[in-house]
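Each of the two complexes below includes subunit A, the first together with subunit B, the second together with subunit C.
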Partner chain A sequence: MGSRASSLLREEDIEEIKRETGFSHSQITRLYSRFHSLDKGENGALSREDFQRIPELAINPLGDRIINAFFPEGEDQVNFRGFMRTLAHFRPVEDNEKNKNLTSGEPLNSRANKLLFAFRLYDLDRDDKISRDELLQVLRMMVGVNISDEQLGSIADRTIQEADTNGDMCISFSEFTKVLEKVDVEQKMSIRFLH
Partner chain B sequence: MRMRMMKMLLLLGLCCGPVCCGQNQSDPRDQRVFPVLSVNYDYVQMPFEVSLWILLASLLKLGFHLLPRLSAVVPESCLLIVVGLLVGGLIRVMGKKPPVLDSQLFFLCLLPPIILDAGYFLPLRPFTENAGTILSFAVLGTLWNTFFTGALLYACRPAALELLPCLLFGSIVSAVDPVAVLAVFEEIHINELLHILVFGESLLNDAVTVVLYHLFEEFAHAGEVTAGDVFLGVVCFFVVALGGVLVGGVYGVLAAFTSRFTSHTRVIEPLFVFLYSYMAYLSAEVFHLSGIMALIACGVIMRPYVEANISHKSYTTIKYFLKMWSSVSETLIFVFLGVSTVAGPHAWNWTFVTITIVLCLLSRVLGVVGLTFIINKYRMVKLSGKDQFIVAYGGLRGAIAFSLAFLLSSDDFPMKDMFLTAIITVIFFTVFVQGMTIRPLVDLLAVKKRKESKCSINEEIHTQFLEHLLAGIEGVCGHYGHHHWRDKLNRFNKRYIKRCLIGGERSQEPQLVSFYNKMELKQALMLLESNSSANLSTAVTAAAPRQRSLKTLNISKEREEEIRKILRANLQKTQQRLRSYSRHTLMPDAEDDWSETLLKKQQEEMERRMSNFLTVPAAPARRLESGERLRSGSFFFSERSAGEVNARRKPSVKFSLEPPKPPRGPEHLLEEDEELMHRRH
Partner chain C sequence: MEGFWAVIFPVLRVWFTSLVVLIMLPAMFGISLGITETYMKILIKSLEWATHRIQRASRAEEILKHSASNGLIQRDDSSLEQEIEELRRSRPKSAERGDFTLSDVLYFTRKGIESIVEDDVTQRFTSEELVSWNLLTRTNNNFQYISLRLTVLWGVGVVVRYCILLPLRITLTAIGLSWLVIGTTMVGFLPNFRVKGWLSDLVHLMCYRICARGLSATIHYHNKQNRPKRGGICVANHTSPIDVVILANDGCYAMVGQVHGGLMGVLQRAMERSCPHIWFERAEMRDRHLVTQRLRDHANDKTKLPILIFPEGTCINNTSVMMFKKGSFEIGGTIYPVAIKYDPQFGDAFWNSSKYSMVSYLLRMMTSWAIVCNVWYLPPMAQKEGEDAVQFANRVKSTIAQQGGLVDLAWDGGLKRAKVKDSLKEQQQKKYSHMVVGDDSSD
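Let's turn to the complex of A and B:
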């Protein structure tokens, strides 16, 4: 199962991905076979349609946003490196890493980077602020069609009122972080990549 | 009027006396005088004594909290046992035999309220997130404790005991007790994770304990153990555990379904919750299934649906009744433990008791450390050494162990008294020594305490957001993990189950919206009760304490007073109407009158008028909306009614009214707010 796919993946690539993302060898090969199975066009890169074929994403209210998060600015294809880079955000935080001094700066799966990833999913226009409209869009996606605009608007207002500290009626990244300081983000935003 | 009646009655009584006496005197054989005042204690003895005990327990609880210094050092459970000892001693001194904690009374009356309280209010998210860990501690940990203790006891042979009685004793004494854990952990406020680990373990190990207990009892009876019996034992465990959960689930679904139809008989809503839960417990006990697991399952399953269906008052009633009963039960259990210690036949055996205590501690520590080593490989947030220490140290034994030992028949187990004594000693040791020292140890080790978190709409939204995100990412990875299944369950729940079990409109309401409504309601009631002299707008933002210079409104003091008076008057009317009192009906709830068409019409009228007056520009409108809405005095209704009014012309201010009040009220509010609007521009 994995051996045919992993033959397309060179050892140097695996080493580089390991260094960049922190995944182990077996995890990388396993995810490569998943990447390969999603890649119907067999061209070594995934397009949006490939993602949309995944049933869980189709029924997920945030499906489109998640798909967009994989694709870097303006591009339509994502290669394996990019795929792994996005997934690296969801690696569990390991204890021994907290003390390790990585030369490449903060690891991708640190708490701050996880929160930044989530923040960017809200903040579509990348202005580093979640405006009321952006919040309303997300709420509408999560809540469905039965709730009226006014009700949703009041929820959005209340949310912004709670989080906003500098009075600009938007949620900046620091305010976002502060609001979630009691939530165990390390656990909530981690997936166990089993062998 | 009353005085006159009393005088007449007294006169009548006095008259009857001599009259009857006169009649009796005519019969020389019967010289008895008609007793005006007689004593007949036997008639009321049972209920009288029960009530006296409960009263004593409640007064004790009252007393402890009047001595803050004492209750800060010594946990309540210890004090209660000491009081029990004193009371038992007193009764003995008086010459009577002190009552022993009757097992039937314990298991059927005292234990269920505590477990139901725990199960109904079980924090579900941390429980499910740590379910694997909890289960392994409960099942594997208890098994390890039992066999380790039993085997080593047999090896030491303190009183020429056979293997089976040793194992039986091991199974009784190794179960962590939920009552004791609750009593002690309630007061030390450790972080949620540790609390749910120890507490969850104490609840779920009931299944293991029940199976092992019955198993060893049967084997001791039969005298011979074959491999087939062991296999049946394992099967029995699964039957007991899953059967208990199934029974609880069935009753939970029934309760949820019943609550769907109770909108016209709000008075008896809490009764359904209690009765179905108790029936679940009793039904499970009929088949020797795990009653505790049935009760927990029932509470957990019925809670979301019942809470969506019942009125706010019923919810409060359920909450307070459960807390009250569990509190009284807990107090009674500990007092009776103390009394039983004085009463019970004791057979003190130094070696047995010391070995038991040592083995209990040892097996607990080894079990926790060993299991954590294995579990940490599968956990995302590993358990540190400190966590392990608290989990091991928090393994308290309690009244369940005592009652199980008490149930043993003296014929099969001649060493029953020795067992009882040993168990009591272990219980005393864990509750006193461990219970008293755990609080300073928690402070010493700087274990994370429970964070006092206010409910925050932000946390709720973002948590749900993250759950969706993670479910999607798991889909991308092709990994069917925790999030995937939870997502599936939620979807199934929303599509099928909620439709059946929740009545009316609430079945379509997403979780986020109901959370938000609850929050607004809470805040509204808080605002009313706080009655502060602060500016109205700053009172509103007291929930989010920051300086909000943008939102302060320049209202004069008199205007403010007027507004507050109106708010108070209208809101208080909801609470204090006692015009007609009938035992069978409550005053209609504010929430019940939602679908009143009268209300709808008034709303539409109000909005039409409001929108005519307003020319609020787009940007400041947002500030106004939330501020105005909250200040309109009916803020806790605004969300619901806004949903009903389908006027799509985007009115800039949402208004809602309180249920049928004298028409003056809302108009006044409207006028106030209109003037406020005008003042702003």
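Let's turn to the complex of A and C:
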């Protein structure tokens, strides 16, 4: 319970995660405590069941998709590095960072990467296109049984029609970005840490 | 060997006599000799000094101050409708009210990630984090080596707790429990005169007082005029099995619970002999009608002691009050709410039953500094006209939460072990569907 958790995380690891994700030292230790408290099997990695145990996440209509985003292709366990890498997408964008020269290219919490995260929630097969089926799947998850198939289908068609500019009946990442260009993604896809 | 016993015997005799005279007898009659008060004063002084030392040493004082809020992230209280409206305001076209946009997912995504980082429920099933260290290894959360003097103080604390306090407390508890069994059995042999009830109450009180001393419990009772009366039902928030000892120190209650085997079973049968309690077989507990009927019969009999019920149904970590099961509120009769709040600085009373067995929990209790708690007796409440059991339960829960300074949660304490109900997800989906198709959704 917390007391051993911080001792399992070495200073070098914290420094590496800091460089990769941009989180502060205290944020990393507190998130490690959280990771540790979710890890019921105490094996240093989280499984899908560990996430499902959070009631607020279990009742979230997109809960399964969000949990999926943490697990790399074909894997069933996520370690702390992977956990932090995914959470890093939701770090708020600070002004002074926009001018910094980062060694690893674009930071994980840039606007483009936040949008990519949202895009990947739809695009399950990772073919860089949201097909009509994939859109329908997400819609069905969010509305449950409250809307008929026909109505949902017409909503999906309308959405694709509005967004699709190159006529391939799918939404590519650039078309997705265009639709959301006026949305304050930096604020809506960020978590405000208290310290 | 002979010489060994010749030395040990007088020591043990002195030990026992001093125990009886200094602690047991005063406890039995509710008098205090001031030993515990002195101990507590020394303890508070030492802990204050330790806190001061830690704060001085760690230059990042602001970190300690911030941890007092104990939250990691700031969350919005706005509703689903508000948030999605905001997201949709930046649509390229101004379409009809109530339509789907690709940006709708952002709302659910953020809520989901926020709940992964910090959620209201799972943190209630582990011990509360302390703002500053209280010199117990078990609460040593991020506090590294500070100074030699602090470590020495901690070492002294270990010796005091394990070598002096622990044997003392175990002896006291053993005496208290055996006296409970013997006393209640003796009272049970008496015929049913008024005296029997009075004697039974006396025996129970004495034993619980000894047990409370066995935990170094310092209890402050507030508003004693609202103490539960016969024929009523006392409800309280649940943190640990010790709650029973805490409440029974100031009044006599009829306990409700499952029949256990072993030591608990012996205690239960003994208590049953001197005054009526309500013990259920495991199979009977599933029959809700039977349970309600037995409780109602007991409550309607005005000569019987007030029933003590913990409507949460499970132990919560004393930072919040979770859903009250409506069963206790369907019985009728007056409800006497009681709020119990422990001070975690001196000892953490929460029983994390998935981590610690009962025995290791009791050992942890007995090697803490002390158990300090406040008990508030709240004015009696009754079901209002047109109010159903669930609303009544929520009303009582809010009163208790407010008095004890606890967070009032609607989540079920059963989520400690069980999965969340699907109906809650369906509620969310329904709300969102309204946003997609406007007001004419298929209902």
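One rule holds for everything that comes next: the second predicted complex is superposed on the first by the 191 of 195 C-alpha atoms of A that agree within 3 Å, B and C clash if a C-alpha of one lies under 4 Å from a C-alpha of the other, contacts with A are read in each partner's own complex, and residues count from 1 in each chain.
We take it that a contact is a pair of C-beta atoms (placed from the backbone, for glycine too) under 8 Å apart; a residue touches a chain by one contact, two chains touch by 3 or more.
For clarity, every value in this text was computed on a predicted model and none was experimentally measured.
Undergrad: Looking at the overlay on subunit A, is there a clash between subunit B and subunit C, or do the two fit?
TA: Taken together on subunit A, subunit C would clash with subunit B, as the superposition shows.
Undergrad: With the two structures laid over each other on chain A, which partner does A:Gln161 touch: subunit B (first), subunit C (second), both, or neither?
TA: First partner only, subunit B.
Undergrad: Classify the contacts of A:Arg132 with the two partner chains as first (subunit B alone), second (subunit C alone), both, or neither.
TA: So A:Arg132 only meets subunit B here.
Undergrad: Is A:Arg53 in contact with subunit B, with subunit C, with both, or with neither (first, second, both, neither)?
TA: In the superposed model, A:Arg53 contacts subunit C only, not subunit B.
Undergrad: Looking at the overlay, what does A:Leu62 touch: subunit B (first), subunit C (second), both, or neither?
TA: In the superposed model, A:Leu62 contacts both subunit B and subunit C.
Undergrad: Tell me which partner A:Leu108 touches in the superposition: subunit B (first), subunit C (second), both or neither.
TA: A:Leu108 contacts neither subunit B nor subunit C.
Undergrad: Kindly classify A:Ser26 by the partners it touches after superposition: subunit B alone (first), subunit C alone (second), both, or neither?
TA: After superposing on A, A:Ser26 lies in contact with subunit C but is clear of subunit B.
Undergrad: Return first, second, both or neither, reflecting whether A:Arg192 touches subunit B, subunit C, both chains, or no partner chain.
TA: In the superposition, A:Arg192 contacts both subunit B and subunit C.
Undergrad: From the options 62-70, 116-124, 314-322 or 386-394, pick the one stretch of subunit C whose C-alpha atoms clash with subunit B.
TA: After superposing on chain A, the stretch of subunit C hitting subunit B is 116-124.
Undergrad: Take the contacts of subunit A with subunit B and those with subunit C, and give the residues found in both.
TA: 31, 34, 37-38, 51, 54-57, 59-63, 66, 87, 90, 118, 121-122, 138-139, 142-144, 146-148, 151, 155, 158-159, 162-163, 176, 179-180, 182-185, 188-194
Undergrad: Give the list of subunit A residues in touch with subunit C in this complex.
TA: 1-3, 6, 26, 29-31, 34, 37-38, 51-63, 66, 87, 90, 117-118, 121-122, 138-139, 142-148, 151, 155, 158-159, 162-163, 171, 176, 179-180, 182-185, 188-195
Undergrad: Quick one: in the complex, what on subunit C touches subunit A?
TA: Against subunit A, the touching part of subunit C is residues 62-63, 66, 69, 71-74, 87, 90-93, 99-123, 126-127, 129, 137-142, 352, 355, 411, 415, 419-420, 424-430, 432-433, 436-437, 441-443.
Undergrad: Which residues of subunit B touch subunit A in their complex?
TA: Listed in rising order, the residues of subunit B that touch subunit A are 129, 378, 380-382, 451, 453, 456-459, 461-479, 481-484, 487, 491, 508-510, 512-513, 516, 519-520, 541, 543-544, 546, 548-550, 622-623, 625-626, 629, 638-639, 642-643, 646, 650, 654.
Undergrad: For the complex, which residues does subunit A have touching subunit B?
TA: So the residues of subunit A in touch with subunit B come to 31, 34, 37-38, 51, 54-57, 59-63, 66, 70, 87, 90, 92, 95, 118, 121-122, 132, 138-139, 142-144, 146-151, 153-155, 157-159, 161-163, 165, 167, 169, 176, 179-180, 182-194.
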